[in-house]
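The following pair of complexes shares a single chain, chain A, combined with chain B in the former and chain C in the latter.
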Partner chain A sequence: MEILATFFNVGLVVATIRTTTPILLVALGGSFTTKAGIFNIGLEGQMLIAAFFAVIGSIWTGSSFGGMLIGVAAALAFALVYAVLVVSFRANEVVVGLALNILAGGMTISLMKAIFGTRGSVVGRGIVGLPKVQLPGARDILGPSYAQLISGYTPLVYVAFLSVPLLVLFYARTRLGLYLRVVGEKPEAAETLGISIARVRYIASLLCGLFAGLAGAHMSLGYITMFTENMSSGRGFMAVAILIFSAGDPLKVLLGCLLFGFADAFSLRLQILNFPSYLILAVPYAVALLALFALSWRTRPKLIRETLETMRNALAGKPQDSGGKLPSDNRP
Partner chain B sequence: MDIAVKLQGITKRFDAFTANDRIDLSVRRGEIHAIIGENGAGKTTLMNVLFGLLQPDEGTISVNGKPLVVTSPAVAIAEGLGMVHQHFKLVPSLTVADNIFLGMEIRKRGLIDRKAQIEQARTLSRKFGLNVDPAERVAGLSVGIEQRIEILKVLARNARIIILDEPTAVLTPQESRDLFATLRSFVEDGMTVIFISHHLEEVMAVSDTITVLRDGRVVATRGKSELSKRELVRMMVGRDVSFDRRPRSPGSGRAVLSVSDLWARDDRRLPALKAVNLSVSAGEIVGIAGVAGNGQTELAEVLSGLRPASHGSALLHGKELLEHSPAEIRARGLAHVPGDRLARGVDGNATLSANMLMGRQRKQPYSRRGLIDWRAVDRETKALMQRFDIRARGPRDLASSLSGGNIQKVVLAREFTAGGDFLLIDQPTRGVDIGAQEAIHSEIMRQRADDKAILLISTQLDELAALADRILVMFEGRIMGEIDGAAMDEESIGLMMAGIDPVAAAEV
Partner chain C sequence: MIASLLPRNLRRTLAGQLLALAIALALGAVVILMIDENPLRVFATLMRGAFGDSEKIAGTLLQTTPILICGVAACIGLRGGMFNVGIEGQLFLGGFAAAWVGFSFALPPVLHVLVAVAAAVAAGAAWVSVPAYFRVRFGANEVVSTILANYVAVLLTSYFTIFLFKRPGGWSETPPILPSAYLPELFSFSRLNIGLLIGLALAVATALFFRFTTTGYAVTMVGSAPKFAEYGGINVRRAGFGVLLASGAVGGLAGGVETLGVHHRFMEGFAPGFGFDGLIAALLANGSPIGTIFTALFFGALRAGSLLLEVDTTASREIITVIQALIILAVSADLLLRRKGDRTGGRRWKF
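For the complex of A and B:
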């Protein structure tokens, strides 16, 4: 019981909420492009570049808010380049996304070297972290130990979680949300009604950049105020996986991200038990992928049946057009 | 004279191919102007140019006397043009009302007002007698209903010049008559209608002026009264075409398909087939008549293994075919020409060769030692293109770049040569020009003479009259009755299609 209590407590919930935030932000951003029919794997790079420029911005302006704005601007610049190449020049989405990810990785490293003269990470040097928001009244209502469940997070945590219902409303009830879905599902329909596919896709890409930028700023100015090489560490790709399984639906995105965040927070706790740290670092990714896989379990019978059938035919060495003799005509 | 639309010297090329060649066309305000021509004559291309979906290489457009550069459909819509496309452009996951108001949503405080949209869509559908349920999702609706939604979409935009590209291809004669009554009331209101059709009877019945296109050029524009149907056919095809009942010899009578007490549900889980009994023998064409959406699609899907049956049996050569996969049923002799050619007939993004290859990728000479021999596929495809008169530049053309009728011929060519002895043919001549219709009918009769068993689903009564040995009439998932194809009587079929038993009706 003692052990369990050290694992499962209010602190774990709070930690889950914190670790969920960056991936939730970036995945919600990706939901715009997913809905608009763009397979955007450039999330990782947009997040990383934003994290770096948020740090620089906070040093230059001396304010965390200024840092956040500059970080978001950097992500938007990347998103714009992405949109120009993919939407206007019809370049391959995956290739452009990958290229921009690689560019972001290399650019942050070389800029870090040029500006700070270091490799690895930037710490201190006047970086201003985002403030913690104390909700007035939270202590009175929930008491001192539970107040931290809703109060004391950085502003972007609230932005991330409040965005979920807003996005649900956005897709269901606003014109832009509807157009995004239509452009993704049936572009010809949009075209014939005079809705510009290119414009909608640009907007989707830029909205995506905005959220990826917030995610990046949260990473480097949120709970830790520093930038390290490749600090997004695959969260952008994780978000892509979640987007594939959720088809960009905000509620399903939230579920997927919570799962990842929980596994992430939980693995931090596991460190108490002295597991090898590289194993622990892999836990959240493995858990999230397994869960996502489990979600698609119901398509299993058909998949397996068809695979077995193909293998049986291949093994028997007979082509399938063998004149219609079936192994069995008994109905189950 | 008041001209609503004037096209001058319109030329549209696709690479080296000229789809429209210096076309002049004037449409008077308040008339119904029909545009006819063979598959691939350039009718759809011309309308797409007018509606701003394609940019002409040469030529000018003026609408209501005003020169206009139609850079996009938005420009056309703003000038009061509306277009109902040959291939529907509806969003399946949205409701009927959402689709109707897409691009002109009704909003309240910045949010889409679904209630008001449904209300208005209902008013609109009542006003024009186009019966739809606005709150329903479009996915899973029949093509007939989709057509109505497309027309409502245009009406909701207050279009004054309405272009309809083969609007009646999916409608029954009754529905077409209703539609034309509606179109008549439009022009009486001062609207203008341009429509494309392959049905010369309806063209003759409803239009004021007729323009004939051939190979991308205007052959003639004449007032209806100056023309006879025969002349029209000559102008279109260059020869006489007959649609009389085909002569036939009796088939062997061996039962190939027998369906008993078959039940199935549609996508909304409502019963779509109710206790269907039928049989088809070798050398026989059994026609299924009925208003679109009365279970014909579901029947075809169940028999081809695409939809589970809830009860009953269907024997192909005496063996149960229900619960088997489409591949297994095909291996036993089914060839299937689906009703919706773009959804199930072809892969539009694949080449003609790849489309012909589907289903035979393991056979000689298409593949050898497990590798596909594309040279052989191209060769076979070329041969089929010739035999079925498929108009395209070559086997490596994308299926989607073909005209509607030619896409249909691709499906027919593949299925009729697949070697099956049970042909399930759903709407074989939907959107096919009359010259090609005749060719397809001849091909179906050739298959019959080869002792194939043929189940022919059609909403076109004249087609059934020309081809079928027996006609079964479907209404709300039931077979209402059977009629001898040689002695077909439109009135009793009409009654049965409306769900009235003619015998009972006669007694009253």
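For the complex of A and C:
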């Protein structure tokens, strides 16, 4: 029991929230492009370049906020290139995304060597980390040990988690949200309605870049203030995996990200038990793979799905419903 | 016969790729200026490092070998409509499997090499088989699953190397393989080995397969027009599975050739980025195995040249990754293709 107590405590929840934040931010960004019908594999690169320029920016401007802005600007530049090639030039989105990821990796290492004269990582040198927000009154209400559950995070943690309900409202209640969904689900209908598909997809890509930029800034200026070669280490790809099985739905994205955040936080704790570190490092990727495979079962062939549907209806004594009512169709 | 192996509208394709190359090199020059280096000096150093003397040329060919084999692996996938981004992981597992056979068993000379290579091929195919199964059976996106599998493969081989087979007192590497498992070397002055010939033969064989066999034609159709292939009575799923498996097997072979021919042991990070370089080479060659020979040579030269770059200038060798990425971006824009038809339709990558 004692060993369980060292694993499952308030600290684990706090660690989960921390590790969830960057992947949640980048996955929410990807939800814009997913909803608009673009398969964006370039999230990884946008995050990495933002993390690097956030560090540069915070050194130049001497403030974490300035660093964050410059990081986001770098991610937006990548998102713009992505949109120009994919939307205007109609290039293959996988090829462009992979190329931009490789570009981000090579560029950050080259620039790091040119600016700092080192390989590997940049630590110290006047990097300013994001401040920790102490919520007033949290201590009085929850007591000293539980106050850390809601207080003392960087601002981006709050931004990430508050964005989830905001995005739900955005997709359900705003005109742009509706346009995004139409362009993604039925581009022909969007064209008939006179919606500019290209413009909507550009907006989606840039919104995606904004969130990926925030995710990158949180990686390098959040709880650790440093930049390391390829420090995004596959988080962008995990986000893409989440986007595939959540179809960009913000609530499902949140659930998926919490799963990965938990896997991350939990695997860090496993190191106490002297498990080989290489296997522990592989845990989040393995979880992502398993989730991708397990949930792809949902998209099993239509024939099986419809047979199951009719069988369920017959068992419930309902009349046969030939319309394609999908459970995911939960619009207001 | 060789002419018939090349793409049909060769001139247009070549012109397009060369234009893309020029744009990418111009952009690369801008990036090099950004890091305070002289682009001409950097390019000259790259060329000198790649083709300066016979040893350097052998070094270029040595770098070309894994890129070429990985490129053929990528070509097989691309022709069958599958993006195997997991060649890197298959390479690592193939390399480890070959090394394991190499140092664990004592076999007669030629047989030892054959068994080790077979182990590498099997490891590569086995590693891709799970993503491939879920891809064809349930449509689980193969791009993401193979990328994630790369991370697992690299960490897994590191675990094997350091925790199970570490050479006592050594670096993070396995014991050396027995000399009976060495691939024969071609020249006395370089580690260049018959792996290069294996790669060339494989590229030509793959091109012949796609050009002259019924199965090859069927696979190409599954890749470019799956509906048509299905009407033609081809089992699209089985073809897709076979394509990924073959691609993974070749990826594993690349790793085996690298450990048996060059390093003679498996070590952590023994072949960084070769899988991705191969994919890029295949994309630049537009999915043609014969074209991949030339693009792999180009990227091999860049890699070999980058070693001298690190010594002679302040630029980092990763600048060549930047140039490679820019080339692919420029190629993907496909500036010479006239855009036509519907504005809503899907994206394309023509083969």
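Following the convention adopted for this analysis, the second predicted complex is superposed on the first by the 290 of 332 C-alpha atoms of A that agree within 3 Å, B and C clash if a C-alpha of one lies under 4 Å from a C-alpha of the other, contacts with A are read in each partner's own complex, and residues count from 1 in each chain.
Heads up, the rule we're going with is that contacts are C-beta pairs under 8 Å (C-beta built on N, C-alpha and C of every residue); 3 or more make two chains touch, one makes a residue touch a chain.
None of these values were measured; they are calculated from a predicted model.
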**Request:** Between chain B and chain C, pick out the one touching the greater number of residues of chain A.
**Result:** C
**Asked** Regarding the shared-chain residue A:181, is it in contact with chain B (first), chain C (second), both, or neither?
**Response** first
**Asked** With the two structures laid over each other on chain A, which partner does A:85 touch: chain B (first), chain C (second), both, or neither?
**Response** second
**Asked** Does chain B (first) or chain C (second) touch A:293, or do both, or does neither?
**Response** second
**Request:** For A:173, decide between first (touching chain B), second (touching chain C), both and neither.
**Result:** first
**Prompt:** What is the contact status of A:100 with respect to chain B (first) and chain C (second): first, second, both, or neither?
**Reply:** second
**Message:** Looking at A:191 after the superposition, I want to know if it touches chain B, chain C, both of them or none. Which is it: first, second, both, neither?
**Reply:** both
**Prompt:** Following superposition on chain A, which residues of chain A contact chain B and also contact chain C?
**Reply:** 188, 190-191
**Asked** What part of chain B is in contact with chain A in the complex they form?
**Response** 51, 53, 72-75, 77, 83, 85, 89-94, 98-99, 102-103, 105, 107, 110-112, 114, 153, 319-320, 322-324, 327-328, 331-333, 360, 362-363
**Item:** Parts of chain A lying in touch with chain C, wherever the complex brings them together
**Value:** 39, 41, 81, 85-86, 89-96, 98-100, 102-103, 105-107, 109-114, 119, 187-188, 190-191, 197-198, 233-234, 237-238, 240-241, 244, 276, 278-279, 281-282, 285-286, 288-289, 292-293, 296-297, 299-300
**Prompt:** Tell me, which parts of chain C touch chain A in their complex?
**Reply:** 31, 34-37, 83, 85, 130, 134, 138-141, 143-145, 147-149, 151-152, 155-156, 158-159, 162-163, 276, 279-280, 283, 314-316, 318-322, 324-326, 328-329, 332-335, 339, 343-344, 347-349
**Complete:** So, in the complex, the side of chain A touching chain B is made of residues 169, 173-175, 178, 181-182, 185-186, 188-196, 319-324, 326, 329, 331-332
